[in-house]
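Let me begin by presenting the structure, written as structure tokens, before commenting on it.
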Amino acid sequence: MIAVLKRGSTKADEQKVIELIEAEGFSAHPDTGAETTIVGVVGAAPDKKVNLKEKLQVMSAVEKVVVISDPYKLTSWNFKQEKTIIDLGDGVKVGGAELTVMAGPCSVESEEQMLETARIVKDAGAKILRGGAFKPRTSPYSFQGLGEEGLKLLAMAREETGLKVITELMDIEHIDVVCKYADIIQIGARNMQNYALLKEIGKLNKPVMLKRGMAATIKEWLLAAEYVMNEGNHQVILCERGVRTFGEETRNTMDLSSIPLVQKISHLPVIADPSHGTGRWELVTPVARAAAAVGADGIMVEVHPHPENALSDGPQSLKPANFRLLMDELNAIMTSLNSFKSREKKIAYE
Amino acid sequence: MIAVLKRGSTKADEQKVIELIEAEGFSAHPDTGAETTIVGVVGAAPDKKVNLKEKLQVMSAVEKVVVISDPYKLTSWNFKQEKTIIDLGDGVKVGGAELTVMAGPCSVESEEQMLETARIVKDAGAKILRGGAFKPRTSPYSFQGLGEEGLKLLAMAREETGLKVITELMDIEHIDVVCKYADIIQIGARNMQNYALLKEIGKLNKPVMLKRGMAATIKEWLLAAEYVMNEGNHQVILCERGVRTFGEETRNTMDLSSIPLVQKISHLPVIADPSHGTGRWELVTPVARAAAAVGADGIMVEVHPHPENALSDGPQSLKPANFRLLMDELNAIMTSLNSFKSREKKIAYE
Amino acid sequence: MIAVLKRGSTKADEQKVIELIEAEGFSAHPDTGAETTIVGVVGAAPDKKVNLKEKLQVMSAVEKVVVISDPYKLTSWNFKQEKTIIDLGDGVKVGGAELTVMAGPCSVESEEQMLETARIVKDAGAKILRGGAFKPRTSPYSFQGLGEEGLKLLAMAREETGLKVITELMDIEHIDVVCKYADIIQIGARNMQNYALLKEIGKLNKPVMLKRGMAATIKEWLLAAEYVMNEGNHQVILCERGVRTFGEETRNTMDLSSIPLVQKISHLPVIADPSHGTGRWELVTPVARAAAAVGADGIMVEVHPHPENALSDGPQSLKPANFRLLMDELNAIMTSLNSFKSREKKIAYE
Amino acid sequence: MIAVLKRGSTKADEQKVIELIEAEGFSAHPDTGAETTIVGVVGAAPDKKVNLKEKLQVMSAVEKVVVISDPYKLTSWNFKQEKTIIDLGDGVKVGGAELTVMAGPCSVESEEQMLETARIVKDAGAKILRGGAFKPRTSPYSFQGLGEEGLKLLAMAREETGLKVITELMDIEHIDVVCKYADIIQIGARNMQNYALLKEIGKLNKPVMLKRGMAATIKEWLLAAEYVMNEGNHQVILCERGVRTFGEETRNTMDLSSIPLVQKISHLPVIADPSHGTGRWELVTPVARAAAAVGADGIMVEVHPHPENALSDGPQSLKPANFRLLMDELNAIMTSLNSFKSREKKIAYE
């Protein structure tokens, strides 16, 4: 961290800045240039820097404070040098060599719908079944999900197909019931900064998938993961699902570059959700292919046997034939890129 | 709502669309032009339209669906023709003729800090004391607030000064304790779409201030208020606190036009928070003046007797002298604009 | 287009709206519902609708005006049912079956740099050489390009390697000199709505590549292409280069979904520029792969033999070894996806 | 500027960084901490730092480069310690103690319209007449303005009323004709980074008003002004006209905090355009009041005697009665705030 003093600051000003830095347990390294004096801050725990930064910003002699080191601890490669692999059992993993596909309807609607969809996505090669039983909806007047009834239908579909199950948890009250049925707990974009919820799931021994908030920076997203990990639960998957921009033709703007960016900073697996990222089924297939090519660890995609009857998100759901085509395309891309892995590593480090 | 059919759609396509609309309990009004066929949708409860829209969007013959009527019910002037005034007792109101000022530190830190600040803001003319006891922080390693200890200090300051108290509630678990001490419950930007929390406070008989989410549209913000009101609690204040944009010099971009915009749609009072809206104390004063001039029902502003020692948000806190100046400026603006009220109404309706 | 009347509008209000619509040469189709009256507008040239829309919005009885049909003419599949292929001669095409790669340095700097780079990118399989001779720079104090000297170096590199040349045109004054040397004229993001310039290049018989503006919607981008095409030049390539968002870790946010979206609306080829889209060389390779997988018609990428000596954009330039790896990966992806073309078409139309 | 080296960098890496810095004419100040080494850069002309920054970013040992000093020269208070006042003669000034109002129709349409509007705005207290003769329109099929004919009508209105005239210049070709009639040349948002145009107007002896680009940062906006001033023309007015965000209810999002922010950095006057900033006439009046209260040096507002017949921007034009009310409100606000000036200064510097 560096404090830049205002032009015309005196030696006394500089001294006050140094004293504050030292009082907070850091050491100060002033450097007086012809025009500007800067004071470098070194030492102490990174988590204390946030507070020091705010205090420095208030001092009348300080022009601005520039943070240099990243605020990450547990999510960072500095903490753990091996990629995190979430092992769900029966050979299903997220973060390993394979592209793991999670597929299913937006909402759980009925036994027939869940079983039919589960068979379709299983046959096509998906490993994990998605489906919402508790639904966050912008309007209180929209369909809010089947609740535990929906969770039971997910479990029934798992029973029959062997697929693992991911489903959304919206509040602390439902932690037990969701944990009873889910293999992975999903935290939605709207709850990415619901810190009470994050802390509670941090106490569980259960994989969690944390979606990026609608307007969350990379930093905020990773710090949300720190909230979970800081409580002890290190089984975190990140999910890029598009961010809000001025764009008016798609539901969100899929920020695919966030995936390699996060993978450079963090050992956590990152997957892509092109269904919410685009909101339009015609765009889901090309953007899912792009996510595979960009290096995502997995894809989450909405599939519905009859989208025109879906109770939510029909417009962004793939029909079975389109999903099968997508799976074949994803496999082809993964195969074609596999042979370059060693060359990629070699060049990156040269 | 209107469904626009694709070019080249047949009569059979049109018939399918009409059947779906009628099956959902609406009536269909097709209009076949030279190039395009559109089908108008009339009737039934507005809250069913969301689902119908999604179903129509999936049909292969439908190019797009355009929603015409607004999705608001309880927040709208159509529901209630008189402005909502939140009466906190002792003559303190939000939504009436006066500009109500809420002021105080970001975080409650100590007895001395709270009492000193409360006296300062009371003397300057504020009616409500703000102060966070439970703090939502981006990093789990930042100061998280004093908890109930902080609430007690707020109550102590109320006892001495007669100021009303507003403080943030972050989760359902703390509803009782926060209600015990607060006159107004604040829901922060990060929790604007925490629907479980919104539903719970909807069951209370306690005023609530709902901050606009970081990237929330006007529609999403008002629908969040609908979540609260739909449970029975109609004492809702809205608070504009800036939205996230590409801007890099301020913490957020204060969207002051949202205030008259919401006031056109809704009977709920709307206040402005220039401290979070700008994140820089030098900008707080001019933007607070602007909020008064734009017609806000109130202002929430951070004041700290010694910002350089603040445990959070020091850089955006006003010192006492600046706050007193601001209060005088706000009063001057309000007085100067008061005489135009009747002329404004006359012109608006001519 | 549809005009929605305010609640409580009278028959006389409705009549005035109808009269305006008819006076502008359209026909009006009123539809009176229980709560709202809407008036449909049919007929006349789409280009007159913009003006009618504005006039309707001003009427006191009109709540809002909803545009239904798209504003595109020449760029749309309705105008031309075959994909536009830009044929540059010698078998180099943009918009055909192949992924066309344009590569080279950000700025033309010297003969040695240009020839070395041209040989490298040619050997790796690029077909078109990029290089800026006139540079748009945010600061007037940054390097502004070599001007015609730079164009001559591009031509020299073309002479030796057989690569085609693309370079940026910044103003009308330099049209002749840029046309003399370039095979494709590039219009940069900052000039996307420089209408005087667009009209002038619309009069040329020379391919033009139009970059998406920093905050341009799909609609504005295609309408900028309409400006060019409306003057007679139909050889337009579109280029997605990232848009501006709240993201702070990348130069721009690459909006890859815009590529299939535009391809659905328009017959024009669309390419991707991951160098400007990300601003960081480590992200260029994965995002370029994603662009190929999303279906882009080409890729433009910055390559520099010695990025650390580049006069501009060094941080986003690939070194030769990384570029060769990327080319191999792109070829592998294209080959792997080729076999799905017919299946994709079949499913899309079923 | 500071270069932060990667963890694990060697002394040899550090040496290379120092050599580059010195080779570019700066001096290097390395500071080796326990975890990180940072190298401070001091000296040489600020305009050379952009290039050095890019070169450093490419070096393999460099983690990131942080710029500390601002890139402004001529626009900054460091260059000129007195506020710039644009004197248009006859007592009309922009940047002085008064709030200068520029008003008139979006487009010049006819003699009758211009004379009628000019009389109205003159009577209400405006000092400058606005009106577009050359119109930048998103679609090539929209009304493009009357050209020189329109300029003549503006001059005729000036002749009769004594108002000064501001009108938009869109391209270099029309500089002479626009200069012949205009007192202030307006550069629109779309041309804010049309550097060829900026350089040409920099050579004139004529005041220029530079609108903020749709997605321009404060830095880019001021650097655009540097382009003009660097050529010799220092008579620059800045104009905030709203920026593009995710908001869907207003044409743009008015960023009023940019006004005091720019005034802190620069001696140039800054005015507000609430008509384009909101796009809706009902919001123009409150936002114009807010602009006065925030400290703008002037307001530009669209007024039309018959908005329903306007050829462009009718929906955002005030009718005469609303404009008169606004002028009275603006005067009241300015009067009420005037008495605080000295107190504001005293507190700011204490």
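Letters A, B, C and D name the chains as they come in the text, with residue numbers starting at 1 for each one.
As a convention for this text, a residue touches a chain if its C-beta (ideal position, glycine included) is under 8 Å from a C-beta of that chain, and two chains touch if they have at least 3 such contacts.
Computed from a predicted model, the values in this text were never measured in an experiment.
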B-D compared against A-D, more contacting pairs: B-D
For the two copies chain C and chain D, what rotation in degrees overlays their C-alpha atoms? Round to the nearest 5. 180
I need the pair from A-C, C-D or B-C whose contacts repeat those of A-B. Over half of the residue-number contact pairs should coincide. C-D
Per Cα centroids, the chain farthest from chain D: A
Find the geometric centre of each of chain C and chain D from their Cα atoms only, then give the gap between the two centres in Å, rounded to an integer. 27
Quick one: chain A and chain D, Cα centre-to-centre, how many Å? 38
Quick one: report the Å distance separating chain B from chain D, using the average Cα coordinate of each chain. 30
Among the residues of chain B, which ones contact at least 2 other chains? 215, 219, 244-246, 248
Contact footprint of chain B on chain A as seen in their complex: 20, 46-48, 50-51, 54-55, 57-59, 71, 73, 136-143, 170-173, 190-191, 193-197, 213-215, 219-220, 223, 226-227, 230, 244, 307-315, 317
Please give the residue numbers of chain D that touch chain A in the complex, ascending. 2, 4, 7, 29, 31, 33-36, 38, 40, 42-43, 64, 66, 68-69, 78, 215, 244-246, 248
What does chain A use to touch chain C in their complex? 215, 217-219, 243, 245-250, 253-261, 264, 277-278, 282-283, 285-287, 289-295, 321-322, 325, 328-329, 332-333, 335-337, 339-340, 343-344, 347-348, 350
